[in-house]
Structure formats: C-alpha cells, structure tokens
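The same chain A turns up in both complexes below, where it pairs with chain B and then with chain C.
On to the complex of A and B.
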C-alpha cells in the first residue's frame, strides 16, 4: 500500500515538473537572467551600444553616493512617494464616499472620476502641458482675462511649481482607480453597523473614524501599496511635462535612470541606479507591509 | 507682408568649395575632401527591381524638415515602387540622440539614418562608410579618422535674430545693431516699449544650444577653435576668463530679456509667440523662416546675425559631421545598399533637392547646381554663408576629431545653464561643476 502511494506521489511530482518547466524557463530567461546580468552591468562602464564592457568595480555606486544630481532625484522620489500617496488616497477615499452616498447619477459620477485612469500617462501629460502652458495655457489665459497678468505663473518652468504641478496632474489621473477599490470596500460594510451607530448617537465623523475607516483597512493597505509603488516608478508624466526640468529640478530616480542610460550613454551607471531603486523599493515595501498588516490585525 | 522676391540661387561650385575648404581648417580632423569637377552621374543601382524594404530615421523636431523628407520619400517610392521605406522617425521632446539610442537599444536602429552624433555610432560599430560612388555628389565631405560616413543633408546654417519689424518700429529702433552692446540696448528699448524682447523654446533642450553657442562661438571658439581638445586634455578649463565671460553674458541676457515662460515653451511654439506679438524676436536658424511665414503669412520680419562686442560677426557655419548614413547591419545586405544608394541619389538630384531646400530654407551641399526660391531673410542667411570675411565656427557638440566633446556632456551642460539662470547661481561655481562633469564623462568614455 505504502509502495503504491510512493509511486503515485513520484509520478505526480514528475508530472508537475513538466507543467512548471515552461513557465520556469520563460521566467528565468526574461526575469531572473536579466536581473542577474543587471547586477553585473552595474559594475561596468558599458555605454549601452559599444561591444566593449569594462569592469570598474563599485565606481558607479561611489558616484551615486557623491552625485548632487542623484541626491536631488532621490529627494524628489521621496517627495512623490509621500505627497502623492497621501493626496491620491485622501482624494480617492473622499470621492469614493461621495459616490457611495450620492442618490442620482451614481454611475455617471463613477465614470467621470474613473475616466482619467483610462488615459495613458503620455496623453495625460500632454493635456496638462497644454493647460499649464505659460503663453497659451487655460489657467494663465484666465488670469489674463481677469486682469491678473502679473500673477501668471510658468507652472512647469518654475522649480517652485513644476513638481507640485506634476503631483496634482498625477492625482487627477490616478485617484479614480483607487476610488474604485475604496468604493468596493465601502459597499462591503454592513449597513446594520452604521445604523446601530446612528441610533447610538454617533456623529458622521465618529462613524467614519470608528466604523468606516477600520473596515476599509484591507482596501487601504492595497491602495497605499499600489500608490507607493506607482509613485516610485513615476516616469511618463515627467517625461512629457518637464523632461526632468527645469534644469534637473524634477528628475526622479526612474527618470534619471533613463536619462543617464540612454541619453548620456552610461548604461552601467544607469543600471547601478536601477539596483539602488530596487533596494529602496524593497525596503519601503517591506516596512509598509509590516506596518499595514499589523494595523489590519489590530483593527 | 514680407517682401518675397524671387531670388534665383545659383550655387557656384568653385566659390562654395573655396568657402567650405576655408572653414574646415580649424578642426583637428583629417583634411576635408573637396570636389570641384563635374559630378559623376550615379545611375540608380536597382536594376532587377526586386522588392526591397529598408527602415529610415531622421530628426523630426522641425516640422518643415519632417514634411520635406516625407515628400521626398513619397516621390522616391512612387518612382521606385519595388522599394518600401519604413519610416520609423518619431517626434518627441527628447533629444535626437536619446531617441536614436533608444531605438538602438530595442534593436530598431534605422537602416538609413540621419546622424548628428556620428562618432558615437561609428565608435560603436553601428555605421558603415558612405559608398564611394556617392562621394562625387557633394562639394565637401567631412571625414572621421580619414573615413566618410555621412551624406550631408544640408550645410551647417548660421543662426540669427528673427525680429518683428513692427515691434522694432514701435520701440523706435531704426538701425540694426553693429555691436553686441548695441544689441543689448535694443533689448532694453523693446522691454521699455512693453513687449517681451526674446522668445526662447527652452523646453526642448537642443533649442538652448542656439543661444549658448552664440556666446561660446563669439567668446571662446573665435579665439581658440581647439578649445574643446584642450579641455579634454585638461589644459583649458570652464573657469577660463573667456568661458566665464560667455556664460556671464548668457546669464545676463536670459535674466533680463527672455520671455518669462521660456522653460516651458517648446521650440515649435516660438513661431506662434513671435507672430502673435507676445515677443519681439527669436534667435534661431533659417529653418524657422518657413514656420514663421506659415504661422502668419502677413507677419513682417527680418533676419540678422548678432555681432560681438568688437563689432565682428562670427556665425555657426562650419561643415559638421552629420547627414545620411548607412547602418553597418543594413550595409551587409546588397539589395538594401542598392536601394539606399538609390534613395540618396534621388534625394540630392537637383530637381528633388531644390524642393527640400526651399521647404526647409537650407543650404545646399551638392556639387550639382541647385536653383530654388528664397525670401529676403534667407538671402541674408546665404550672404552670411558666402561672405568669406565672416568667420565660421561650430556648436560645442558639433566639433569632431580631437575637438569632439563627450557626447553625453551637451545636454547636461545646457540643463546646468538653465539651472544657473533659475537659481541665479554663481557663474564660476557652475563652471567648476562643468569641469568636474566633463572630466567624469571623458573618464567614463575611456573606461
């Protein structure tokens, strides 16, 4: 009996390998191998097109530690990762609660708020470039019409407003996506609990603080995680809206990777930056998961 | 309305060759080849009419150039139906080098490509030599290490001020400047008259090069055409007085007289800003003439080169290492080579080339005589080109041979200079940063 079971198990194990193998080969070829090769490339001075690849040890990482430009890109990335995550989630939760409570045209409002999500980052970027253009943009034209020409702002050309303009445009584009997740969470909250709280005299804020928000913990974890990852990867909007400028003011780690690897012919340095970004994302995600999971359990 | 006289341009081969030869001697590149004899007619090579396809890439930043090349492609494929040209060119705000590098990274390096950073791709083994039977088409072919890679699409044009005649009249400006200080006085008059003096398309980083190189040419390269090679050898510095003077002048001009939205203005918006009277002047090359006329056919404008402080006019205009090139991979396919040679021959045939030159307002490079119509602005451009008393130099990134700069340096430098103005930075500090970056780039490229 035991022998028969062992044979069956072995047969099954061998059989499973054949199912796994194609995916394993594919994953190894297109994910594992490039990842490992990027570790090697980060230790070289490869320019990206030349057949010569020279090993330079940790020089690229030393330069990263000392480069003001990289530090500025890191700083901008952190700004995006905090401000964008905060704004996207606050706006998305607010929209979700509004849409959840509205009686009429509920689907219309959902569609309107979700519509920007369907646009590519490039298209969205171009739209905002037109809106924010100094000479022909809608906002500055309105200021002109109101006789406030002196208050016109070069939204994307002024270092003080360029970063915040990108953040606001990104919030406009992506909040609808997170709204849908929060909306799903809101609709899963038992009505009886809210009604019981109302009967007990709980205010709107108390209902939100003690019932709605705790029961949205799962959705909150997902949204914050996705929002954080997309903030760390932000690229399209910067490429279209500012090209990292003015000067180097709005470069982020992902954008500087592209610029140095492709524009400045420093694939090795760009790959080293990619590894640094990978490690940063890994650490942030790990901390975030730990914190948010603990919060979910506590709630 | 701009007075558009019909100016029949007969390029005299000997005169033009003499000019170009005179221009080429400040570069450490090997001596340029010149041709004065009647060009050998290159017969279209495609004889068996086998179907053949090749891809093509060129810089599309200027709409007129894009249109002119597309029209040439259409005319060529109509005359050669067995050839299919896959035009993979794309318009983006990134620099052309970035775009080309990205194409190469994804395995889509064009078979026939317009190269502006030829050395980068030659060093990487991506480019084949220009077939010898095409050489006779041109009056001048720049060489890299003794080899010819490019069929020059057009001559390196001088840049100058395109000014609104109305704005000048309104500001009481009756004479064009004879020195740079007079030019600055004109800027002040324009500002006082209530108009923004200069529009700059600073969102496109390559546009920054027009002004930056005006100052570099007049303060640095006019005195020392080999400054780049000295910088590479670390015997010259960005903190040299001439360089600091150039960048100080740039900073002063941009801080006082450039339209406020310059950093978010794209190059293709500058014509609209000029013709709508939001700014009085644009500093750019002759390819903008068509765009300005298209934006408003009734807009009256003139063109002049800005003199330096000593009253001397020195312009961009030396022949550069750029033009059509065959990719090394495509050059291994005889059918593709034949088709690409046929296209290049077609492109430079006087009847076809004249249309391109007229659309783009470009300077011819062919040995064959080309006749096309120009307006008053282009006549001034051609006068500058043909006047041998006007010195010609090149932009910082166009020098080649020993004077070639690290290709990655240009964009970084231009962006740094944007930041210099934005942050009201100290010129010497920024130039010290430039020295460090330049040396890092040189070191990285040598590794």
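On to the complex of A and C.
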C-alpha cells in the first residue's frame, strides 16, 4: 500500500510527464487515433460524405485480392522499392566519391548535387514533364538534332517508358540527399588506412572493395532504409507527371489510395488499401533491419 | 604502373563537371524559362533568354491567387515550426534524461509513428479534423504537421542530448532552479544546432508539402504555393512561362535559406542520419 502511494505521488510531481504531455496529446490525437480508426473504416463501404457508414466485413480486402488494378499498383510499388533504391544508392555513392576526390570546386559540386533535394516533388515533376514533352521537350529535341527523329518517344505517355521516366526523375531529385550521408561516411575514413593500402600496392578497386566499402556499411544501412521508406511514399511526382496513367499503368499503392478515396469517393476501400500498405511497410522495415544489421556485423 | 596524380585529377574533374552539368540542367532550364515568353520556350528550350521577360510574374502576382497562396505557405511553415520547437525538445529532454519504463515506453511509442505512411491514416484523419472543426482551416495542416514530426523530432533531440553534459543541470537543480526554467534557460540554448537541423528539415518538408494542404484547405480559395502550381499545370497547360514563374517563386525562398543555412542543411542531414 505504502509503496503504491509513493509511486503515485511521484507520478504527479514528476516533471517528465508534463514535459511529454503536449507531444503525447498531438501525436496520439492526430497519428495514432486515426491509424486505429482506419482499421474500422477499412471494414466499411463509406464514401467519405454520407453520414451512415455501412459495415461490410472483409469485402474490401477480398476486392484487393482480386483487383488487377491493385495488383499492378502493388507491382509498381515493389519496382520503386527495388530499382529506385538500388539506383539512388549507386548514384549517391558515386556522387559522394566524386565530391570527395575531386580537386577543384568541391563545395560547388556538392551544392549542385544537393540542390534538387530542396525542390518539391511537384516542381521537380513539372520540370521533367517539360523536358520529356513529346514535341518541345529537350530530350526529343536532342534526338532530332542527332538525326534520330524516328527514335523519339512519348516518354510519359507510353506505358513502357512512363514508369522508368518517373524513376529517373526521382533519382535526379533524391540522390543528393543520400550523397551527403555517404560523404560524411567517406570523410570519416582515416587517411592513413588508404595510404597504407596504396603503399602495399592495392589497386584503386581493391582499395574501394576492401577498405572504403566495408567502412561505409553504417552509412549504407541508413541510406538503404531511408530510400526504401521514401520510395514507398512516392506521390507528388506521379501526381504531376502521369496522374497514374496512361490508364492505371503508373499507379503505386500510395497513389491508388488517393485516387480511390478522393477521386472515386470510396474511402472505405481506400482505407483498406492503406492497411495493406502499412503491413507491407512493417514487413519490409523488419526484414531490412534484420538483414542489414547482420551484414554490418559480418563486415 | 599507375597514372600520375595530376592526370587523374583532370580526368576526375572532367567527369564531375559533366555530371554536374547534367544535374544542374533542369534547374537552369527552370530559371531561364521563367524569364522567357511562351513562344520563346517552345522555339528553343535551351537558349539563354533574349531579354528579361517579367510579364508572367506580373500576371501571377496581380491576376491570380498566387500572393495569397504564398502567404498561406509562409504561415503554415512558420507557425508549425514554432510550435514544434516549443513542444518537441521538452518531451525529448524528459525522455532522454529519465530512465524508467514509462518514458522508455513512450519513446518506443513515438518512434513507431515514423513507420506509418500518411496515406494509411489520412481518411480517418480528415474525418476527425472535420469533427473538431479544423478541416478547411490553416490550423488543420498545422496540428497534423506537429503530430507527424514528433517521432523524428524526439529521435533527433534525444540522440543529440546524449552529448550534452548533465553537470550544469545538476548545479542548477542544487541552486533551486525549477526543471522548467533549467530546460528553457540552460538546456535549450545548448540544443541550438539540433534545433537548426529540425527547423531546416521540417521547414523544407512543410513548404514543399502537397497532398495535405490540397485536401485539407478549403476549395475555391488560395491554398499553398505548391498546390497552386499543381493546379496551374492543369489550368495553364499550354502556358509554360506562367508555371515556370510560379515554380521559380517557390524556389527562391528555399534557395536563400539554403545559402544562408547551408551548414545545417548539409551537416544536419548527415548528423541526423548517422545518429538516428
């Protein structure tokens, strides 16, 4: 009895709870509460407007299992989570090594590579819409100049090239961010180690493979995780570059949720898709943490 | 036989330069096009503008909702950041400086939020905002931005706090200084580099945000700059000059902030990532 009373007294007089309370209230009210109520909404056929919300059990999830459009969005999301993550990390590491090694204008180059990070996905997407435009776009104009007019492509209108165009534009936008992290990792590698290897006759490739890369493992883990999370969230550039088209070709899970919930007013179904996205995010994060942590130790 | 250092440096510089030009081109293209008339952009996209054509800026600033949208973007960014900086470091301090299962549990609970994509909870969130009367007001996005930044913010501040010595706080406690005053007068100023990182990263995210202001702010009125640009892409689909003027105006404040606070943009990213 006595013990519980002293603990209770402590609880009220402890400053910690009052310091934490405002964050706790905001976070619980506007992140956790809606996340929890999304579980209920996902079992309804709510349209987002009408006051009556009809409970339909697992029908939304059954539809998800059978919908070709959802399967395609899922497939695209997986493409982003693999191809985009791979390209972003290769490009970012390459840029970091260039900036680390280059002799002149190092800070200028670093700023140039970082600059696209500052842009919103909407602005960046629009610029690429113009660059990739069929008639007036710079890329097709270049092809014209080189006498390759027959090779001109409707980059965003053709289902074969739309997705890869979005991926490349996104690599251009985000690599600078990961470059900064790799660069910090590179600059943390002791110079003596590289010099010693050079004296021992190691080639540049061997130096990279056996010294630089293992010592970048920490930066690598962080970058892969961050790029994976951001690739699952890709939205703005799709909205402005293709609007999920042509047809539904370039929809991702985040995009289809928006389309279904606010374009087609099927908010119950949209929420059910949200639950699926959440589960996928959880599984991928979990696998990643397991795999990458183990790799880091081994190296 | 290895090539001499000088030769290697020149080759490396040439490669970096070419890649630099490729990376810089879209930005150059944007800035140049903002000062060109529409036929000029269509005729030759790459060329330098012939004169400085300001009609698109004039049009956007006098005939459209763009100035109101600029104001909204600024209000959302500034108010959200100020509130974040008031509430988040305090909770991170309480979590970082106490070690019991309640605060540790709350820490894990906060971090969990970083894994929830916005699209997962946006539909119920809008329903909730509607119920409490924040849907269609500027306060709506603000409360959501604050709530959404708790996980990342607490993580950033608690890891920074580990490097801040406790002795001064202990001395202040002996002198009878309250925890509240100790935090604001002694600890908070020491957290300044971390606060700068927080301001820069969250500010950029809010300024550039699209989906939430588009859906939450009332239709038929100015929303934010980024949302207006998105609408212009549909509305003025053949008036590229107009859209480029808009994107340029949205980029200029970011550019100024980047030049002034470059250290925090760059150091903040790497510190945040490595500690996190």
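Following the convention adopted for this analysis, the second predicted complex is superposed on the first by the 285 of 299 C-alpha atoms of A that agree within 3 Å, B and C clash if a C-alpha of one lies under 4 Å from a C-alpha of the other, contacts with A are read in each partner's own complex, and residues count from 1 in each chain.
As a convention for this text, a residue touches a chain if its C-beta (ideal position, glycine included) is under 8 Å from a C-beta of that chain, and two chains touch if they have at least 3 such contacts.
What you are looking at is a predicted structure, and each value in this text was computed from that prediction instead of being measured.
**Q** Can A:184 be said to touch chain B (first), chain C (second), both, or neither?
**A** So A:184 only meets chain C here.
**Q** Looking at the overlay, does A:249 come into contact with chain B only (first), chain C only (second), both, or neither?
**A** first
**Q** On the A-aligned overlay, A:100 touches which partner chain: chain B = first, chain C = second, or both, or neither?
**A** Neither partner.
**Q** Is A:48 touching the first partner chain B, the second partner chain C, both, or neither of them?
**A** both
**Q** A:113 in the overlay: touching chain B, chain C, both, or neither? Say first, second, both or neither.
**A** After superposing on A, A:113 lies in contact with chain C but is clear of chain B.
**Q** Quick check on the superposed pair: does A:126 touch chain B, chain C, both, or neither? Answer first, second, both or neither.
**A** The answer is second: A:126 touches chain C but not chain B.
**Q** In the overlay, answer first, second, both or neither for which of chain B and chain C A:152 touches.
**A** In the superposition, A:152 contacts chain B only.
**Q** Comparing chain B against chain C, which has contacts with more of the residues in chain A?
**A** C
**Q** Could you list which residues of chain A make contact with chain B in one structure and with chain C in the other?
**A** After superposing on chain A, chain A residues 48, 129, 136, 239-240, 262 contact both chain B and chain C.
**Q** In the complex formed with chain B, which residues of chain A make contact?
**A** 45, 47-51, 54, 56, 63, 129, 132-136, 152, 154-159, 239-240, 242-249, 259-260, 262-266, 269
**Q** Where on chain A is chain C touching in the complex?
**A** Within the complex, chain A touches chain C at residues 14-17, 19-24, 26-27, 29-35, 37-38, 41, 48, 95, 98-99, 101-104, 109-116, 118-124, 126-131, 136-138, 141, 172, 176-177, 180-181, 183-185, 218-219, 222-223, 226, 229, 232-233, 235-236, 239-240, 253-254, 257-258, 261-262, 267, 270-271, 274-275, 277-278, 281-282, 285.
**Q** Which positions of chain B touch chain A when the two form their complex?
**A** 93-95, 97-98, 101-102, 104-105, 120-121, 123-126, 202-203, 205, 259-265, 269, 272-273, 278, 407-408, 411-412, 415-416, 418-419, 422-423, 440-441, 444-445, 447
**Q** Where on chain C is chain A touching in the complex?
**A** 9, 12-13, 15-16, 19-20, 23-24, 26-27, 29-30, 33, 41-42, 45-46, 86-88, 90-91, 93-95, 98, 102-103, 106, 110, 113, 115-125, 127-128, 143-144, 146-148, 150-151, 154, 179-180, 183, 204, 207-211, 215, 226, 229-230, 233, 240, 243, 247, 250-251, 254-255, 258, 262, 265-266, 269-271, 273-274, 276
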